[in-house]
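What follows are several structures.
Both complexes shown next keep subunit A, but they swap its partner, so subunit B is in the first and subunit C is in the second.
Right after this comes the complex of A and B.
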């Protein structure tokens, strides 16, 4: 019997799962090995076990590796690429554990399917034109669905990919595949597995001089007993992790062949431009399309109730016709609102909460007593505005609803959610919708919402033919799901030695992460932190670093004010607060040292420091500003970051830099305002981005402080930049910025 | 003015559900100006005001896209499923060289004036029972006028 016949005839393959293993493996594509990682409950690798309470014996983490006959190792990545380098970092983790040849590692994005192991489309995806063995099936019943539902499978955000999927799943998948290949070779060569080594996608038995590529044993590997707990490497054995490997997605982004959501091409596709009611929550009561219906290229004019759409042969034609339409909207409660009125609401709610009201988030000691007895008391109120995401690729989605099926093309941070949204909009079951994900031209949280997917699907359902809907920049700016505006009030007390002994904070809203307003790393004997909920008519959307984006500014501004009141500099004051936390101190010290903290600066120049742990990573930044001109110029930013272990130093550094671009844009200019309930900003002239001449030089130091507990990279670089800059402005001018953006303030 | 413009206001069945029970309501109002692939009538219509004659010809040329599957309109081009129509207006029926006409059409004795063309294109089989022109009838009068204007503009050199 040949090996393939053995595989086919094996009872375990034919019918039911043999439960001989916890890692689902199967033979596809002739001699190939496909591994999905399933980790037994209680396995120390798996910190997800509390979520898996249904009594199943194995649970599948959504990660896969494939070995082809040509010795190509393919990592199937269950996350989306939006410029953060996730494809590369996750593939590095898998390939390193597998001892794969990095030059022969390929990447596939997993399809938007919770059950892609059993789904026919997914089978094609993994192994076109082949029967996938039944061995795959039990891995589905083994729990992928439960896990997916519990965790929002395939969601890319929360700086989650490397620290969770990479650490828990990709590494385990790679290590398991390696052990199975070794076992297969040991059996074939009749030598102990312990004598076999692996390197660069080769299996080596030094004693006998035997050496073969992975591909040679891929088929036999799938026949091996599967490791319950693959052994992961210790950091001293890492070869690919920790290296600045070149990004897989860069060549195609440089030569223009990369396909983003907006590049979707479907035969017979037409274009839609859309305009929603300017006041969120209003409906379109009537439209006058007299001119639009005579305009070139126009196919359909649709009043969808909450928005107007024009479908035309070309996008420009659709947008021009849309611009000519006179629409009337219903009245809403938000019609009279402007930004001042919203902040007045916040003030009222905070006033009502007083010293003890609101919802308690965290409390220690006796703040009332500590504050009453404080030698120095400081009170301050801070405000931040609504912020738009302003992704460079405007919101778009292409949809085709016909014959009881729906296809959707877009770039989305949560493809499974997008697929469900399209199914609901089309009125079809989930399984009749195919979601095609592409690169995201910026996400920042905006592309975790499915509003564009729903709109495009509704339009396509009405027309019956494929339609690519593209939002204008004006629509993108005015109809975002915004980072909320917020107000935060503090009362702080210092003892006679200038030690911070009392911290009382109350702020509006709490979305995510829930620990964003808290400061467990600062040693303050008495503290309490509360929130009040205030209704907003604008829609909330997660914005890069989410609640940390405002609380980083609030907390680190007030810490600086307390330092000033204590007569200490911001760095020394924070050192005291971090006493006893060597890992935190090291990050703070590194940033200070890089910046030459304490050294003299020219007149009207200043240095500011800020320290914000978020998403599992610890980041300190020192900003230098030049206040000699009419507006602040940020000249230099020093970053020290400890994410536990940096998988790709080049990629992580780029994330720190890009977070500074994004965060500095917001700190200096970002502000969405309202008039009569509608957003006033429309495009980059009134919602400006940081220009290249305004970009500070950025220096990044990376610290590997705890290789077992990884932190994220996408977001943690953002929260410190605004307070580092405003603290530097204070150092240079004595003017304290308590309300963002900086552009609101006059420095003449 | 053109029949291709339909206005369909859907019943209140799909009016935006205030209760939010339906997460994806259909259109409150759907104006179908044109089906994809159909002649870009809007362009022609917009031009009518400035130059009615040439606009009508342009409109006819666009509408003729449906006819060109069978009929060539370039001088010297071979006959297709239907005869080449260069200079057809004013010509006797069955007069294009090299085309295998039906007996019915050859015997019709018609001269293709604009009026005769109009009634023929409206319903060929009714006008000349037995004709082999079994497709391409244009029900819309305005569109026929445009097509005929276009055909009139194509004369033999």
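Right after this comes the complex of A and C.
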């Protein structure tokens, strides 16, 4: 048995399913004592208990937590780990409500099963103001669960895990488990439940001096009815939440034992290299594989219609053979398109919409009148390019289709979707597909799409082998689901006192979330925000912070331009716009204060500020740039963030650092271009990444501004970095960057 | 047949001599800690040591390792399982996020400290600039390398040659 496959006997390791583990798994080891009683009949989790327990030493309390005879509490996490620390943060929320001993808490990833779809995410989409729901009562939540299932949500993204699943499901589960344990002890000891306390996985009755571990009552607790609305702790009672607990997944990420999708091992497995038609939507009309057929290790050469696959004994053999194949492709409407042509389309659509066309997103006051009467008028147009995700782990998937069954191994942000996609590709019912999720070598939105799963399943079906399909980096770069390029136009008006009184914005249509172009936190009496749709042949996908990545740059650049036109400092100008919002002001003030805003800097150095609330969190950043060299150097970034309440301060800080690097890489260098409809970039030499020698010092301040309404952590650190940097470049040089990436511009 | 010493163990592999070390390690030897990132020595995810020196295994043929010692991420802890001080520092600084690049980062860092027990920031940057981390944990990598250097052993000792 390899150690990555067990839950209870390898502290700090992520648990895996014995029945669904990577091939080679044995049984989960446990202690000798058998508890093993199933959850009561009719409970919706009855069907799940065989998957969660080994039937020997564990007792399932509810779908998110189990307690075994060693007094180990296992949190079952219905999200995937892609470095955001979700396993640890969600386990902290459950363990705190349960009064568990943190040193005895283990983590198990939920299987790709419909019972684990993110009911709480669906709930957030539908009814964001619901109180903590009684999610264990199917009568109450059944409708929402049904809808979540229909949507296929067991999704990790949108910075939702902590604020939705954690806040609504994990905490409730922990509190419910605690109440059930207490009820069982009260019954056994014949004392009132109100006299019983819990701490460090122990149940205590101080009056009689009785004290027993959770495990003692795990069996009896499962017979208790599930509390419909368990009592959650107030923040002053938190012991584990709010603490910088070490991440559970880190130890196996420093010794090579962490298993990513690309590491799947299946006996008899073959390897596939693939090349899709370079222009999205084209088909492979013919291939000349004369050379490939003679190459060592080559087993099969497949024209799959939309891509070519070579299956061989080894991946390198497959890729070498693929490289020798000459393929011809059909013509499409996308042929002949280049980046200039796409931006020309955007311009035409925006021109046609004029001052009143397009789809209205939000409107207040009379912008036409306010702009006409403004003392100072400013107009500006901004552009951002297509971006690839460039996850470190290239797209890959292992699949095996045989005897009416299909097994799929991958790292995916939406395992239920992946399972359904594999079922469709294999032509099998959902129930006949087993989906094995692994660690994600970077997600950033890319791994929410199932294209790789579908391709691998099709290849596996065509060959009969278990096949591991790996995309080359070139394929990964050229066949991404890109962050959309966009153009955004603004007209702004200031009154005679330099107050921003009119805001008129029209932009090309993007993706999600819908609030990204809006600025409800800024007091601007008259505003109008519109969009126009422009059809495109490229595939779009969510890219870390999604539309906030573009609109953060657009909005905060234009605010800076308006501040300059008003003759005001960017920080002071934003303070005026946020007057009356103390929570927002505190974030802005904190970042400014950390940076020493207003103090002198050396010549050709500059400071820029940006403020973007997104995904429920408020973030302000100040960037410092050094423009003395041939290219801009970002030396320092100060961050203030208020996500409501920070569950794991070190984890949240790491997410801010990470988002800044991801956003800074894009701001400085990121650009996917097209020639004849095909993506021109191929690998890290022509789609460059920020490296350690360009890493700015990052200082993060966290603010707990509203413990009832939590915001996300994975994405909100990204949107402010591009405008903070370009505003700093303006401060240092007087040159306003209206088109990203910065590398396009000459500062000599 | 190509003769290798991998993490202290003798291995013989029958493969095309042009096969990159990366794929021999991952597929023939079934050691998946070493990662594929770019295939053209641009990202460092595949870094291993060849006779103690860091190399990009995606772009080095297995013929170059004939009769030599390869050390991978699986081979840097002590035989009793005690982690290498760089690995310990990595945990202490909570460096990895997705973790995919970290085998390569750690192999570059151990090689750096072996050559230069007390590197300056500039020397750390120079030694580590070939390793991309898309999760952007460069600040923590610097911090962890310094912490590992501060533990005080004057020269790096590879636990497995």
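Methods note: the second predicted complex is superposed on the first by the 649 of 748 C-alpha atoms of A that agree within 3 Å, B and C clash if a C-alpha of one lies under 4 Å from a C-alpha of the other, contacts with A are read in each partner's own complex, and residues count from 1 in each chain.
Following the convention adopted for this analysis, contacts are C-beta pairs under 8 Å (C-beta built on N, C-alpha and C of every residue); 3 or more make two chains touch, one makes a residue touch a chain.
None of the values given here were measured: they were computed from a predicted structure.
> Looking only at subunit A, is it subunit B or subunit C that touches more of its residues?
In the superposed model, C touches more residues of subunit A.
> Check whether A:287 is in contact with subunit B, with subunit C, with both or with neither, and answer first, second, both or neither.
first
> On the A-aligned overlay, A:427 touches which partner chain: subunit B = first, subunit C = second, or both, or neither?
Only subunit B is touched by A:427; subunit C is not.
> Can A:581 be said to touch subunit B (first), subunit C (second), both, or neither?
Neither partner.
> First (subunit B), second (subunit C), both or neither: which does A:69 touch?
neither
> Which holds for A:458: it touches subunit B only (first), subunit C only (second), both, or neither?
first
> Once chain A of both complexes is superposed, is A:268 in touch with subunit B (first), subunit C (second), both, or neither?
Only subunit B; A:268 stays clear of subunit C.
> Once the structures are superposed on A, label A:82 by its partner contacts, choosing first (subunit B), second (subunit C), both or neither.
So A:82 only meets subunit C here.
> Does the superposition put A:680 against subunit B (first), subunit C (second), both, or neither?
A:680 sits against neither subunit B nor subunit C.
> Name the contact category of A:296: first (subunit B only), second (subunit C only), both, or neither.
A:296: touches subunit B and subunit C.
> Just which bits of subunit A does subunit B share with subunit C as contact spots?
Residues 296, which sit in both footprints.
> Can you name the residues of subunit C that touch subunit A in the complex?
15-16, 19-20, 23, 27-28, 30-40, 42-43, 45, 72-74, 77, 83, 87, 90-91, 94-103, 106, 124-126, 128-142
> In the complex, go through subunit A and note every residue touching subunit B.
268, 270, 283-284, 287, 289, 293-306, 313, 424-427, 454, 457-458, 461-462, 465
> Which residues, counting only subunit B, touch subunit A once they are in their complex?
Interface residues on subunit B, with respect to subunit A: 5, 15-16, 23-36, 40, 42-43, 45-46.
> Mind pulling up the subunit A residues that touch subunit C in the complex?
Residue list for subunit A touching subunit C: 82-85, 246-247, 249-260, 262-263, 265, 271, 296, 314-317, 319, 390-394, 439-444, 470, 472-473, 650-651, 654, 657-662, 665, 683-685, 689-693, 695, 697-698.
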